[in-house]
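Sharing a structure here in structure tokens format.
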Amino acid sequence: MSSFFVFVLVTLTMLMLVYLYRVIRGPSVFDRVLGLNGISTKAIVLLVLLGTMFERVDMFVDISTGYALLNLVGALAIAKFLEERGTSEK
Amino acid sequence: MTIEIPLLILLVMTAAGAMLVKDLISSVFILGSYSFALSLVWALLGAVDVAFVEAVVGAGLATVFFLLTLFRTTEKDDVIRRPPVPWAAIIGLPLLGLLLLYGAGDLPAFGDVSSPASTHISPYYLENSVAQTRTPNVVTAVLMDYRSFDTFIETIVIFTAGIACALILRKGGE
Amino acid sequence: MTALAVFLIVVGLFFLVVGSIGMMRLPDVFSRAHALSLTDSLGAVFVLAGLAVYEGFTLNFLRIIVVLLLVYLMNPAISHATLRAAYRSGLRPSAKEEK
Amino acid sequence: MKVFIAIALFALWLVLSASFNPAHVVLGAIVALIVAWINPIGTPYTRRFLWLRALGYAPWLFGRVVKSGLHVSRLILYPALPIKPELIQHKTKLRSEGELVVLGNSITLTPGTITVEVAPGELIVHAIDASAQQDLISGVLDEKVSRLFSAWEGDQ
């Protein structure tokens, strides 16, 4: 079971690399926001997975709850500001 | 450990990406993902409280503050400045580094049992913290229980700094 | 129980992989948001559900469920906000984007 | 209603804190009561949300989500990428904030469609291809959401 978890963990990290490509390349600001959001979703899942691997889910779930809430606040703030400013780039 | 390698690759890639990208906004986003990766590494090493702080401050607050600053200024640096070559720094800093390395030679070896850091109070924490505080992580026990007032005041300082930033950057200020 | 957990996690991984393939392939912001928020949050929900099942029906099960609900309610809100910002700042899906 | 919110908050506290010390439990109860008491519920234009019917709605929605998730996955994996993204205007009879929130979120949750802009009585939806819009055009979603709320109340 533990090797299966390692497999899942490595896969998730690889997927984060894909999203990182989108963050770096993404033609518009919104692509970057979406990419960052994808990375943080993976990070939330990864944290719970790490907790299961270390058998300390109670501790790690707290972090991932904090992650999720902050991610929500941050993304909404970013969207709000992008909306007010309009985009100068394409 | 094999688990850490992809995360470390991710860390190096995000750090390099944040430095190399021209557009400042994407640099901010890449820094955000760098924080995510870094806090995953902390969590993997077992330092859960550090991971939490990294997630909250690095990935959450810092990104928003950087963005607020960028919206107040322009996001592209269109003037190319060439600062004069800092000869004093180029010569002086390596010398300082050598001095520090020379000083580091006198430090006790890593994990030395008889070093001052691990003879005074650390054994007491290690032996008694679980019984006294019922917190499984010693670092957390020291930070949150034995030195809770210290941590509390630190939190107040950080909170004040945050409020000050929010007031300065407030929308429609002046 | 473990078999069910593995099954759920594998299904979730499938959706996550599809989501990131979509992130690479789809042409503009609006379509990419589909790949991100939907297949992706579906995948995350499946993986989290698998982990919860693996954990067994204790208090930790409930806590993972809380995280799961949070992810599930949060992702649509974020993608909607991002898309609305894109729409209001003048991006349209029909406009061809230069790569 | 406030009592209900307080109980829900208290349950959340219990689950997240996972400690049954009397001190912690009492503190949680006090905080839950204060938070529920401070926050106002709804505006005059709110129709009440019926929680029991939501319990029936959620599994149905999840079924739709999985089904159309598979559909979108097939679209993405298909080599020719047969998508036809377009913005559509969706007229709806729903007016109140609560209904619009539930409807918009449901549309966004269902793969293939995302709510882009919301105004009372009209939503702009981005759909990835024609078959993803079916639920919307046939009006199933509107009807289901409308049934989640009680009759109008307040000074309308």
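All chains are identified by letter, namely A, B, C and D, in their written order; residue positions are counted from 1 within each chain.
Just so we're on the same page, a contact is a pair of C-beta atoms (placed from the backbone, for glycine too) under 8 Å apart; a residue touches a chain by one contact, two chains touch by 3 or more.
Because the structure is predicted, anything quoted here is derived from the model rather than measured.
Inter-chain contacts peak for the pair A-C. Comparing chain C-alpha centroids with the centroid of the full set of protein C-alpha atoms picks out A as the closest. At the far end from chain A, in terms of centres built from Cα atoms, lies D. Separating the centre of chain A from that of chain C, both taken as means of CA atoms, is a distance of 10 Å. Chain centres here are Cα averages; for chain C and chain D they lie 16 Å apart. Chain centres here are Cα means. That of chain B falls 29 Å from that of chain C. Distance between chain A and chain B, defined via averaged C-alpha coordinates, is recorded as 19 Å.
Of all residues in chain A, those that touch two or more other chains are 19, 33, 35, 58, 62, 65, 71, 78, 85. Counting partner chains per residue, chain C shows two or more touched chains at residues 33, 37, 59, 63, 66, 77, 79, 83-84, 88. In chain B, no residue touches two or more other chains. Chain contacts in this assembly follow no simple pattern; the graph is neither a line, a ring, a star nor complete. Here the touching chains pair up as A-B, A-C, A-D, C-D.
For chain A in complex with chain C, the touching residues are 1, 4, 8, 11-12, 15, 18-19, 21-22, 27-28, 30-31, 33-35, 37-38, 41-42, 44-45, 48-49, 52, 57-58, 61, 64-65, 68-69, 71-72, 75-76, 78-80, 82-83, 85-87, 90. Looking at the complex, you find that chain D touches chain C at residues 12, 15-16, 18, 65-66, 69, 72-73, 76-77, 81, 83, 85-87, 104-105, 108-112, 114-117, 124, 126, 128. Of all residues in chain A, those touching chain B in their complex are 6, 9-10, 13-14, 16-17, 19-20, 23-24, 26, 29, 32-33, 35-36, 39-40, 43, 46-47, 50, 54, 56, 59-60, 62-63, 66-67, 70-71, 73-74, 77-78, 81, 85, 88-89. Per the touch definition, chain D reaches chain A in the complex via residues 16, 18.
By the touch criterion stated above, chain B contacts chain A in their complex at residues 2-3, 6-7, 9-10, 13-14, 17, 21, 23, 25-26, 29-30, 32-33, 36-37, 39-40, 43-44, 46, 48, 51-52, 55-56, 59-60, 63-64, 67-68, 71, 75, 136-137.
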